[in-house]
Amino acid sequence: MTTILELTGVSKAFGGIRANRNVSLNVKQGEIVGLIGPNGSGKTTLFSSIVGAHPVDAGTIRFKDVDITPLRVPQIARLGLLRTFQQTRIYGGMTCMQNMVISASQRDATLFDLFARERADLDDRAERLLEFVGLYGKRHLPGGSLSFGQQKLLEFAMALMNEPDMLMLDEPTAGINPTLINGLVDRLKRANEEFGVTLFVIEHNMRAIMTLAERIYCLAHGELLAEGRPEEVRNDRRVIDAYLGAY
Amino acid sequence: MSNISILFQAPPLALQLVIDGFLIGAIFALAAYGMALVWGVMNIINITQGEFVMLGGFVAVVLYEAGIHPLWGVPAAAAVLYAVGWLTYRAVIFRIVDRDLFTSLLATFGISIILQQLMNQVFGADVRIAEAGLGSWFFADGLVTISQIKVVGFFICLGMGGGLLLFLKRSRLGQAIRATAQNARAARVLGVDTDRVYATTYALNAAICGAAGALVAMAYTIHPYIGLPYTIRSFMIVVIAGLGNLAGVVVAGLGLGAAEYFAGFILGAQFQLAFVFLLLVVVLVVRSWRLAMKRQYLK
Amino acid sequence: MTARHRLLLIAAAGLIGVLWPVLLPAYTIQMAELWLFIVFALTWDLVGGQMGYNSFGNVVFVGVGMYACAVVQVSILYSVSAYTAARGGGTEFVFPPDAYLTGLGLGLAAGAVAAVVVALCLGSLVLGMRGHYFAICTLGLGVAAGELAAGWDWLGAGAGMTAPPPPREIGDTNMLFYYMSLALAAVTFLGLGWLYRTRFVLAINAIRDDEDKAEAMGLDTTRIKVTAWAIGALFLGVAGGIYGNLKRFIDPTEVAFSGATVGVWMVLMAILGGKGTLWGPVIGAIVFQVTKEFFWTFLLGWQRVALGVLIVLIVVFFPQGILGWVRERFPERFGHTVEPDTVPAAAKDTVQ
């Protein structure tokens, strides 16, 4: 399997706080990789660094063999690397359908495509993806009127609509009703298998990430602590210590 | 542009511009401090700021035209504008404190239009002054003139700024104001009457502007339309210095005053206001660019 | 509101518009102003209500269009500096009908082009800031433009510039400018109506709702924002040209770049009618113009104070505007419905 994302020595500090220290990792195409670690270990910062939301202090990031370290967020997104947000961001003033249609892939699009006639194929895809996440009946409601969990699903559907090569999800099960988490994990797996989307997932829900991921990285105090298959990481002494605070 | 060479040929002229610039800059800094206070505590950008200055100036004018020495105008304007500010808060501002910044921009813009047009109706658009009757000091063979009332104004500004600082640091209400600025919710939970804090802050700001306005009327001139430029100057100074940076506000205020005088001299008086507003645009654009380098934006 | 109702409403408005100068000639200028106000409100809403970038500086485009048009109109026959030096009092500046009409046509085109160029140049600088910084920056731009024009002798400086006097042979120019205003309002309305049916409006709505998210989804937000501003500038440039000729006298700070009046009014009109809709700014402009004429007639002297009060009342108590209020009461009319959860069986196949 080819490597689709590669980080080498990535460091990022905010003032005196070293959020990421010399982090190196990789994700192979088609994989589902998890990123775990106690609160404040720098997971979201790492995601933000990868997608270009802030410049990194040191290190390189390569996506599909392109050096994306100096690139801006829209450019990286157009290369096929998307991320969802921890606080779930959607377009609250627009309907679910509109949220979906505007999320269609921008990769080959120019500004003028936005002026073209409405495309039935976009509407079709949008409807099917909304049904995939279970929001078909609510597709004409404004995004802002959905519940938090429904908005998370909408955000996921929008990401799929964009046909990304790799999707980075920041705590996709946070705030979701426990009975619905299995359904979400299921959909994530299907997205990976059927649509071929590589997944890189930050999670706190151990059960969810252990069943979902093929490989897991563990971050603590901004540094990479451990890496391996779920069973290995779960039983790693250092990981247990990090979570229980012995570090 | 040939005026620049004159500056080099007669250095005392440049000194004059700097001195005059600093003297009015103190007034700019004072008004900016008030705007920063309201912005920091209530998250409201007060477009009415300049109109409060204008109103204060008219208080001094009214006193002067009634035969009273306009220096009494400073405390009088402060008192009158404190009431005006408090009333404005009770009538309008308290309703928009929790809303988005654009609402506060538009609402305070509307209030500024009301005040400006009201004064235009009552006093007419003519330029007014309040003569303080003080003379000037002359230096360098008469090339450098320092108007005494301007110097008096400078020290009054310093005094007021210092007094405000002391009030915020030492008094109970001042501490309540600072607490609310940092975290309104927490302050409320701890028993601070945030509504009273907001009212006091807004009224205090108006009072400061009023006093500044009285100084403007004595040292310079007043008419109903001087408001917006003062608002823009205050905003610019706060943007350059940053909220909570008092030293920065003073430096930026004095610097702006000097810059304006130089611009007026070099470009011609008719372009002085254009300079002020263009400078605002330049400051914002430069700030925006520098943030873009860090992949952030002005928000 | 069904499509048929909407069509009937537009037809009725069109009919009233076309017949107005015939029915009520005394109010031709005010109605022409109303059509131009509709253009101002609609273009403001494109960038303000639909895109969330509340500009106080759209007057820049009006003023640029106004001066560009007048300059082209004059320079067809005469030197601009000689014309402005004479302060419009010279009888030697005569414009025969063909020169006048050609000048007018070219002038309006020049106004549009000049406004768009300014939008493209300023846009890249200014659209990088958001929220109130953008609003105040554009406010500064608007006033600065007025002050610059007031200092520029070639344009007549503080004394302003008179629009070229129309030759007597043309007849009632108020009617001419009235129909031009009406035509521009119609074109703007239909143009934006078309635009609001494309995905471009979704893009600018996305920028309004969450610009960071839009960037994270790959949208080229900078280019979209500048394009939207330029589209508005195009219509505003032409509107400025017509407005200058309608008012006859172009004062740099009162007419051309009147930030504290027209600049704020266009914001108010859009908010009053309902931000972010197509009909909202139209309704808002109509209600505003009627109210303004009422104030000017019955509250003379205090009319501007009354307008200030109106601004505060609307912003504080009625920020959702007329259409916003309707949408809250009747969401179904706007299509916000809940439907059954599954795709109709006939259309179902693999998700990709």
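For clarity, chains are labelled A, B and C in written order, and residue numbers in each chain start from 1.
Just so we're on the same page, contacts are C-beta pairs under 8 Å (C-beta built on N, C-alpha and C of every residue); 3 or more make two chains touch, one makes a residue touch a chain.
Treat the numbers as computed from the prediction; the structure is a model and nothing was measured.
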Note = Outermost chain relative to chain C, judged by CA means, is A
Task = Could you say which chain's mean Cα position falls nearest to the mean Cα position of the entire protein shown?
result = C
Key: Centre-to-centre distance between chain B and chain A (centres being mean Cα positions), rounded to whole Å   = 48
Ask   = CA centre of chain A versus CA centre of chain C: separation in Å?
value = 42
Note = In whole angstrom, the CA-centroid distance of chain B from chain C equals 33
Query = By residue number and range, which residues of chain A touch two or more other chains?
reply = 53, 72-73
Message = Give the residues of chain B touching no fewer than two other chains, as numbers and ranges.
response = none
Ask   = If you look only at chain B, which of its residues touch chain C in the complex?
value = 45, 92, 95-96, 101-103, 105-107, 109-118, 120-121, 228, 232, 235, 239, 268, 270-271, 273-274, 277-278, 280-281, 284-285, 288-289, 292, 297-299
Residues of chain A touching chain B in the complex = 52-55, 72-73
Message = So in the complex, the part of chain C that touches chain A is made up of which residues?
response = 195, 197-200, 202-203, 205-206, 208-210, 212-221, 223-224, 227, 276, 335-343, 347-348, 351-352
Inquiry  = Help me check something: in the complex, which residues belonging to chain C touch chain B?
reply    = 54, 125-126, 128-133, 135-137, 139-141, 143-144, 147-148, 150-151, 157-158, 260, 264, 267, 271, 301-302, 304-305, 307-312, 315-316, 319
Query = How about chain A: which of its residues touch chain C in the complex?
reply = 51, 53, 72-74, 77-78, 82-83, 85, 89-95, 98, 101-103, 105-107, 111, 113-118, 124-125, 127-129, 131-132, 134, 136-143, 145, 158, 162, 194-195
